[in-house]
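Below, chain A partners chain B and then partners chain C, in two separate complexes.
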Partner chain A sequence: MASFFQEWVEYRHEKVRQWKEDTGGKAYGYLCCMTPEEILYAAGVLPAKVMGAGEAPQEIVDKHLVRYACPYVRSMLDAAGRGEYSYLDSVVVCNSCDIMSRVEYYWRTMKPHPKSTILGVELSPYVLYIKSPEKISGPGVHEYLRSEFRIFKQHLERDTKQVITDDMLESAISVYNEHYDLMRKLHDLRKEEPLKVSGSEAFVIELSSLLMRKDLHNQKLAAHLKNIETREPLSGNPVRLFLSGGGVDHFTGQIYTVIEEAGGQVVAEDIGVGSSWFGHGIDTDKPPMDAIVAHRLDVHCPHTMTSERHPRERFEYVKSKIKDANVKGAVFFVPMYCECRNLEYPFIKEGLRDELGIPTLYLDSDYSQGSLDEAVSKIEAFIEMLEE
Partner chain B sequence: MAEQTAKTAPSKKSLQTAREVWPYVKEEYAAAHRAKAEGKPIVWSCAVLPKELYWAMDVHPVFPEHYAVITGMMRRGGSKDENVEKEAVRFARVAESAGFSSYLCGYARSSIGYTMLGDFEDAPLGGLPKPDMIISTSFVCDLRGKWLRYLAQKLDVPFYVLDVPERGCDMALIQPGLRSALLPFYNKIRRGERDLFVSPVADHELDYTETQWRELIRFIEEVTGHKYDQDRFNEVMETSYRTNEIRLEILELRKARPAPMGVADGLSTMYPGLYTTGTQKAYDFYVRLRDELKARVAKNEGIIPNERFRLLWMGLAPWFNMSLFNYFEKYGGVFVFEPIYNMVPFPPRTPENPIRELTIRTMQQAGGIIAPNMVGQAVSTMVNAAHEYQCAGAVLFYLITCRPVVYPTTEIARVLQEDFGIPSVPLECDLIDERTYSEAQTFARFDAFAEQLLKAAA
Partner chain C sequence: MLIVGIDVGQHGIKAVGVKDSAIASQEVLQSGSEANVGAGEILERILAQSPHSDNEAVKVVATGLGRKEVSFADLRRTQEHCVAKGAHFLMGGACTILDAGAGGCRAVRIGPTGKVLEFSGNSKCACGTGSFFTTACEVLQIGMDRLDELALQAEGLAGVSTTCAVFAESAIISNVHRGFGLGDICAGICDSVTTRLTDVVHRVGVEEELFFCGGVALMRTVGKMLEAQLGVKVHVPEAPLLVAALGAALSLA
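And now, the complex of A and B:
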């Protein structure tokens, strides 16, 4: 069963292409968890996470963007420039950080994709930019993001030639809530001792959920969770770790393996898209669009900020992720030039150390095999220290 | 990063008014300390946020960002000994040892290190007065919100971030209600292959930004007890508007040949407008500057006697070594314009709703010349500036520690060269951390560039 999820991750391009061929449906790429996936799902579209390739050289992106930029995003753009994502019908970009908000320009420039125009105006741009707010609380923000999502929905309706009704949104919410429930169950299993689910297995399951329609993922995950219940615990006595990282893709997936081979297990994480918003489902008592907006405004990623006068929200969020997980140490595996993550690190590090007695290890990653190789000895030494 | 081996020096200013800036700055810092002593609320804020509200609500703003510039220019105890590192480096080392990466903005590392050391007075100009609150914004860069949030966490003072939608566009300036032709040159791109992407400001963006300003007023009222007074705010906005009109006159005068005012003067004289706009003092300063420029232009007097080629500067300033702006003068080259810190035409005064007026200005500045935020905007800003100021080449600041400035550099270089045949050369370093600067590499690049431009001119 696990190989089902693994296969979707490994052969993601082929799988999405196949889905399009089988269903005649459209696939939209997206880069950030602020993307209202449920609206895409309601329109019958497959939302598929865009990922980097983690390969060098990046000759195409080098012609447009300096190397002093997030290697994860550079890699995604290079893959786009090479045509790896030519099967996508559209790409959704959010303002999830300084470089992400500029991906709209770079994707348009590096891989132009003409679409139908009326009097020179694109009816539905190929790259759809959502100006998501940086602040996720306070007056006006809900109304603002709802307006952004309405514009997004309008473009999507034009592209798919249909009206997306509240009923359609409610059905999508129901599928997504089932997904959030299942993922929560999976993450709760990782708090148990002894462990039955490895961090790398959970990560692959989560990653695959970003690539396929959620109803299919739900069906497979529900069955997989039953299998897990009957399985034997993992062998050994791994050191339980919290992982804070950058991009959600197979490259980040490899750091789980490095940790496991060094005698550790990631039992909780904070890695951008994915589990970041699995804390709760979407409110079914609200009008569906408002419910989706409220859900997205609960994304406590390193880029977002709150209206708190004395802000501690990111540390509190990390605390909530590791609650009951019996974490012994925290590893930060951060892409170079990720200012949002680097700027919050010292405050979180101090909090983990002073309030919870949890030591941290910070590793820069240039998104190359070299940075993974370099991480091995550092992680081994860190785990060794925690075992003492 | 390369350790410093270079000689660094201030720039040689051409205008008398530009030489008045340093006393102006010192007086501002002295005034901030006096305000603190008098019990006036002190706010630490940031450069790109309009300042008019602070003056109107009688809170005294100081700017860690600008203070970092001071630390990038001064050594400990005012020493002139080149073996003594600049204060910015001393403070940055403290921040880096706490886990802040060396790829972060030098301003941020300097002010974080300064704050972490906690000895506020043991620093240039007697340091910064301690804040009663910290106010930042989300626009221009991610860093300024998080950096000032950390300072608020460290100092345990109330924090507010003014959120502004991050807009993508290929135009440098789109202001709601603007009735002027835009981008005369960008539309003439020779290849005819480039699409122009336009994203006008929508109502909900204005509404949200206005709400953010109104919340900021509420925040200041709650922290200080000072009440917002619309009449007082209108007075400040009026002064600010009139100052901006003078600054636009200055921008026009700077187009003259030979260039009457260079980038060394331009970057120095940004201070009153960026940090004290809305005050009578700033207005008077720019009137003096305009008058001096007018007289120069009337006399056909340039920065140097024999101007052979004109250069455009892109980026913030390498404050630790402003003498670079005089480097090309030996070749007859002058830096004539810097599309940064300068202002765009303001929307008309709207006394019945000055907060909405400020909102429109904020939206326009978020995407305008003061902060060419998105890549397309930055490209069109440079293309327009190169033509308006008749520049033969551009020096692009590959500001390796500033994402919004460094991101568009490759595209600017490409479009300038491919579409207009305007060559450019990079300068790679931080703005105040001299450890990142290589003199040999910089001079080699600049010398080759000057020769290329002279050959083209011949």
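And now, the complex of A and C:
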């Protein structure tokens, strides 16, 4: 069963292409957790997460983006420029950080993709941009994001030639709430001792959920959770760790295996992939668009901030992620030049050390095999330190 | 029981034999292409030097960059763990350790019992490592001892502004062309390495005394500059190259 999720991650391009061929549906790529996937799902579209290209040589991005930009975004853009994502019918970009907000321009420039026009105006642009608010609480914020999502929905309606009704949205919300419930169950299993689910297995399950239609993922995950209940616990006595970082995809996700081979297990994380938002469901008592907006405004991303002092709010979120997980240490695996993660790191590190007695290990990643190789020795030393 | 700690580094293989919690023998070899062969050779030398009976148990603990290559090791420990063990054995008490070798540098803060509390190291960069000195010596066509001696005697300092070892090579050549004295150029090279090392130390913090080991600790100028830049006393052990190997052996003692 685990191989089903692994296959979707490993052969993600082929799988999405195959889905399009089988269903005749459209696939939209998206880059960030602020994307209202539920609206895409309601329209019958497959939301597929855009990721980096691993060790593939970067051929195009240098012409457009400086070398001291986020290596993860650089890799994604180069893949786009080389046509690796040519099967996508559209791409959704959010301003999840300064460099990400420019991806809208770079993608359009590097891989022009003209769409139908009326009087020279595109009915729906190939690259859709959602400008999410940096401050996610306070007056006017909800109305502002609802307006952004409404425009996004209109583009989607024009592209898919249909009206997305409240009933369609409610149905999508129901599927997504089931997904969040299942992911929460998986996450809760990782708090148990001894462990039955490794961090790398949970990560692959999570990553695969960002590539396939959620109804299929729900069906497979529900069955998989039943299998997990009857399996034997993992052998050994791994050191329980919290993982924090950005740009974690199929390639940099190897950090889970590196940790496991060194004698550790990631039992909780804040890595800006799926775990950023499966902690809470979508309110079904609200009108669907309002519920989706409220849900997205509750995403705990290092880029956004509440009316509270920013790092404190983020630290409280980290605390909630590691609650009851019996974490012995925290590994920060941060892309080079990532301002969002690096700016909050000193505050969170101090909080973990002073309030919870949890030591941290900081590793930077230039999105290369070299970074992963270099991490091996440092993680081994960190685990040795925690075991002493 | 004789316990042999073997530290397989980028430029050298170091070994220390420990018996009854005391150093019985020590040896240093140049690293060859086959870490396992070099480690085997150094083990034989240690066994020949160490008084032990034929039926006495011998255990091997490997550390360093090439620790995983030592096929006959009974245990493998990271460099951070081993320098902490070695430094605590030699110094006692809580301290900060700076270990700068050919391929990397690390700062390790230990508590009163020798437990590692925090550590930090360089990333994929030769600055602050012995490799930086090797490059500089090739450019200036002098040996490491001579570079250290000239730097110690220098009155001025020809700065190497770049923090990249590759670009530093051209910065050194540029300093030669600009007519700086050889001593000042050597002092500039030591200063560049020291600055990088202090960055690593600052990440874990240092209070009164810094224990400085690894091949770079053989450079007296760097030790002096560290004292000046960090404002703390720098303690260099008698055999700074062997601290990790000693610590490896003590891991089982």
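Operating definition for what follows: the second predicted complex is superposed on the first by the 383 of 388 C-alpha atoms of A that agree within 3 Å, B and C clash if a C-alpha of one lies under 4 Å from a C-alpha of the other, contacts with A are read in each partner's own complex, and residues count from 1 in each chain.
By definition in this document, a contact is a pair of C-beta atoms (placed from the backbone, for glycine too) under 8 Å apart; a residue touches a chain by one contact, two chains touch by 3 or more.
A quick note: this is a predicted structure, and the numbers were derived from the prediction, not measured.
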State whether A:Glu344 touches chain B only (first), chain C only (second), both chains, or neither. first
Just checking: does A:Asp98 make contact with chain B only, chain C only, both, or neither of them? Give me first, second, both or neither. first
Please indicate which partner A:Gln254 is in contact with in the superposed arrangement: first for chain B, second for chain C, both, or neither. neither
Check whether A:Met385 is in contact with chain B, with chain C, with both or with neither, and answer first, second, both or neither. second
Per the contact definition in the header, classify A:Ser174: touching chain B only (first), chain C only (second), both, or neither. neither
Would you check which partner chain A:Ser137 touches, where first means chain B only, second means chain C only, and both and neither mean what they say? neither
Across chain A, the partner (chain B or chain C) reaching more residues is B
Who does A:Ser377 touch here: chain B (first), chain C (second), both, or neither? second
Just to be sure I read the superposition right, which of the two partners does A:Asp364 touch: chain B = first, chain C = second, or both, or neither? both
Do chain B and chain C land on any of the same chain A residues, and which? 362, 364
Quick one: which bits of chain A touch chain B in the complex? Just the residue numbers, please. 62-66, 68-69, 95, 97-99, 101-102, 104-106, 108-109, 112, 129, 131, 133-135, 138-141, 143-144, 147-148, 151, 303, 305, 307-312, 336-337, 339-340, 342-347, 349, 362, 364
In the complex with chain A, residue positions of chain C that touch it: 65, 77-81, 115-121, 123-124
Name, in rising order, each residue of chain B that touches chain A in their complex. 98-101, 103-104, 108, 138, 141-143, 145-147, 149-150, 152-153, 156, 158-161, 163, 165-168, 170, 195, 197, 202-205, 207-208, 211-212, 215, 219, 374-376, 398, 400, 403-404, 406-407, 409-411, 414
The answer for chain A against chain C in the complex is residues 359, 362, 364, 366, 370-371, 374, 377-378, 380-382, 384-385, 388
